[in-house]
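One chain, subunit A, appears in both complexes that follow, with subunit B as partner in the first and subunit C in the second.
Moving on to the complex of A and B:
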């Protein structure tokens, strides 16, 4: 087992400085426009100190808290996906030559340190690792492979959180270089920091720290356990793939469609969504071309467009595609469910559509009849 | 997702909006299987999936038939010999010709859907002795819209290949059948308990064709279709082409109806 140490706020500052000194661009939570967004940080002053977020379906508000906590909030609308596959990232560049054109090598990706990553964020990156490894995508893998992760365990889940249902939180179990638990207990304010990799140990050793007391370790662990017990929402994943595959023709999808605005918010805030389109750019003289990847969403009409029209012109089938992909077909494609329970799609849906409620509603109205594209799905019950 | 620049050897107009490009292969070891496609890139304009329409035994050229239907395909068909095009691939699954060996083979195409099945017809004819009765059923909008008309004439002259053609509408000079391609199924000779069918065309045409073949007694593991979906990447990355758990760009385009278990015929899946 690797070392576990106690650091204070000065130690957290030293951690940010150490990572910066080692060549990382440290990306962490900051307050921007009354929202917690990720940005480059250089010290704990950049963090949303003493700020908390109040989240519910369709609601997000920042409020102050009086304990000076550095990580006293859950997740904002962005995930680190924004840094691993930046919207509009250029993945190919070419110049005209006498023999057609040739590929221009792209610059080295930045070394990023993901600071303050919640366990669901770490899990989301692991879900995306599978997606992008399957195709060997150099943009994602180039950035991810040289990144450093400082995870922060959760002790105060939002009402929209359901990571406990998916085993992705509230405590982080792997996929981090350093994991911290913030403890604010009356006068004492400290962080239990644990290394998860050799580089994590190396960095941790450079920080001002002390050994933890047994009761501090127990207290920190209990905070995470209590967070699991206070989880705001629940997603029943038992047999969910078969339920969803079997309910493609359930009329309830059209009921959801009456509320869904097809605004794409859920797909843009989702930390695992990976769909992208391609945009071609050409220099004015026509000699240089770039191919860029903006994020795309299965809620747009263009997304499924083939000559003659879109495959999914109605909002019901588009919502069905999104939810069925996340919770069912993702399992066949990448070996895990495509949801980490961060609750962002619930918070940021302008009409408060709730993935946990809709999945449960389909389960309640199970009209299993057709077995869709799933060799493992059970036969009909009609 | 790196295109390589390849020289265009020839451009031939097939129909007013449809052209066949012959492209220099990237190397002598470049090969494809019938039913596969490439991603063709017009520099600075965009990239599209185009099925390969040539003879799989001819390694000297990549033959691709393109209907001009947007900015990228317009740019591709405007190329002249000596111009360059960006190429990636081949991608996707192939028509399973092994499945048809020793059996009657039914190949059914609609409209531009003849392009992705031409390599299959040529491959079957290259190894004609491996198959039983071979039938090509082709439906087009009108006699003027018949793709590869010269080749269809030539194939019709063969004793070892039955070719039946229908059009949706025609002037009085047309002596052939008028109607949808499914109406030709009853006129062809095959053993429905053992034959293999390969179908490519608009989704609605495939749906009715499959229904008709199932009525005739085809089991869904002997029914092959080539699906069309929006594809930006060809490698299962962009997400656009999903149909159920499949990425049509890599798990397809050629699939059996057994694999899809009816999913492709549900509205807006």
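Moving on to the complex of A and C:
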């Protein structure tokens, strides 16, 4: 067992400073405009102290809270994916020479410390580890391998959260260097901190800390258990892959398409989505070239463009592709569901389309069942 | 080898788009090194005779004379690229398409009998074959450079047709619709501006026209849910790209609802 210690806000500051001193760029939640985004942080002053987020399908509002909590909110629209595979990342550069071309050395990727990562976020990075390891992607692996993760367990899930359905939260079980649970209890405000790796132990040992009391450990654990009971949403994963594979032709996809804007927001906020495209840039005189990787999405037409046209020209199949990939074919491809239940796609869909509701709706309208039952067959073909 | 000849022509428009070419400043010198500016009134009085290799056309067709002129321009060039909301969708002046142009003439001009205008302001592509349409009000100078370079290098330009939301998310903007309920046309508008308005915490005005599969009916329905009246929805869709089909159809549908239900 690794050590579990108690630190206070000063200890959290010391943690940020220690990581910075060790050469990490500490990236954590911070208020930008009317949203909590990720950015470089240098102290707890940069955190959204005393702020909470109110989330529902298609809406997000920041509000103040009076307990001075450092982590009194859940996830915003961004994930650490932004740092692991930066949009538009230039991964090759070259210049023309007299006898051909020469590759230009690219700068070393930063050493990143992901600070305040929620359990679903940690799980999302593990999902992406599978994806990018399978292809040996140097951009992702180069950054991920040098990174440090400070996870924070959840005690107050948003109405859009459903990690409990997928076993990815609200408590983190692995994939962190340090994990914390914040406790704000009347006058006392402390963090139970636990190391998950040798480097985590090493860093933790440098912070001002004390040993936890038994009741503090029990209290912190109970908060996370209670969070699991207060999940805002639920996803029934039982036989979901078979349901989705069996409903490729379900007319309900076109019902969703009437609402769906094909705007790509769901895919771009999703912490597990990985699709990108490749663009070559050439200087006007042709002497310099670079190859970049902008983010892409299965909702764009170019995404499925093959000789002569897009494979999925209408929006129904595009939504079906997104949902079916996340929840079904991902399992065959990478051995796990591609969704960690963070709820971002629900909150940040401008028209509030909800992956849990749509998955349930397809299950309800399962064409395989409908074909057998004569009375509901009519309903299914309407 | 002679440099390719570039011509720039103007129809009903404000000049903003062709000025983007001069706006390229540093890059302009590089452009001048790879093309011969053969006919560009804003830049030089010197005009070289046709044919041209690439012609940029700004502005919409609003008069019978325009109609004849665009045919001739098409005949004189190998590649024709239209630039800006006027040339690609009819522009802000297409708002007149919903009214009687004679009423405007009588109201505005002392001698309306001298005005020979078409009933409608329409995009260049209504009259001639267009090889590439570059959107925007105004266009992005970087996109213009990209299109020119791509044509000169004989490759397909990197001009995405997806929504402004992609640029918003790429930039890391918080979404104005979701985070403070500001109506935004971004989800149905083509990228290209770099999500300019949302970057300043404002909703998108639709300067780059409908994106590749614009679902204006759904977004308008959401605007209604957010509390906008049908009149406000119609007005939001009738901007610089009012006559573009996806925007026009939904604004017409919403306007019909006002007429049925009485102005709200």
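Please note the rule applied: the second predicted complex is superposed on the first by the 363 of 382 C-alpha atoms of A that agree within 3 Å, B and C clash if a C-alpha of one lies under 4 Å from a C-alpha of the other, contacts with A are read in each partner's own complex, and residues count from 1 in each chain.
Everything that follows uses one rule, which is that a residue touches a chain if its C-beta (ideal position, glycine included) is under 8 Å from a C-beta of that chain, and two chains touch if they have at least 3 such contacts.
Since the model is a prediction, treat every value here as computed from it, not as a measurement.
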Subunit B versus subunit C as contact partner of A:291, first or second or both or neither: first
Contacts of A:315 with subunit B and subunit C, given as first, second, both or neither: second
First (subunit B), second (subunit C), both or neither touched by A:91: first
Touching partner for A:234 - first (subunit B), second (subunit C), both, neither: neither
Larger contact residue set on subunit A - subunit B or subunit C: B
Partner chain(s) touched by A:282 [first = subunit B, second = subunit C, both, neither]: both
Subunit B versus subunit C as contact partner of A:226, first or second or both or neither: neither
Touching partner for A:100 - first (subunit B), second (subunit C), both, neither: first
Subunit B versus subunit C as contact partner of A:329, first or second or both or neither: first
Touching partner for A:135 - first (subunit B), second (subunit C), both, neither: first
Subunit B and subunit C footprints on subunit A, overlapping residues: 281-282, 286, 314
Touch list for subunit A against partner subunit C, complex: 32-35, 37, 58-62, 76-78, 82, 87-88, 258-265, 268-269, 279, 281-282, 284-286, 294-295, 297, 299-302, 314-315, 347-348, 350-351
Parts of subunit B lying in touch with subunit A, wherever the complex brings them together: 1-3, 5-7, 43-47, 67, 69-70, 84, 86, 202, 228-230, 232-233, 235-240, 242-247, 259-263, 266-269
Of subunit A, residues touching subunit B in the complex: 91-92, 94, 96-97, 99-103, 131-132, 134-135, 137, 245, 248-249, 274-278, 280-283, 286, 288-289, 291, 296, 298, 303-308, 311-314, 316-317, 321, 325, 328-329, 332-333, 370-375
Subunit A partner contacts - residues on subunit C that touch it in the complex: 27, 30-31, 33-34, 145, 149, 153, 158, 160-163, 165-166, 169-170, 172, 174-175, 177-181, 184, 186-188, 201, 211-213, 215, 217-219, 221-222
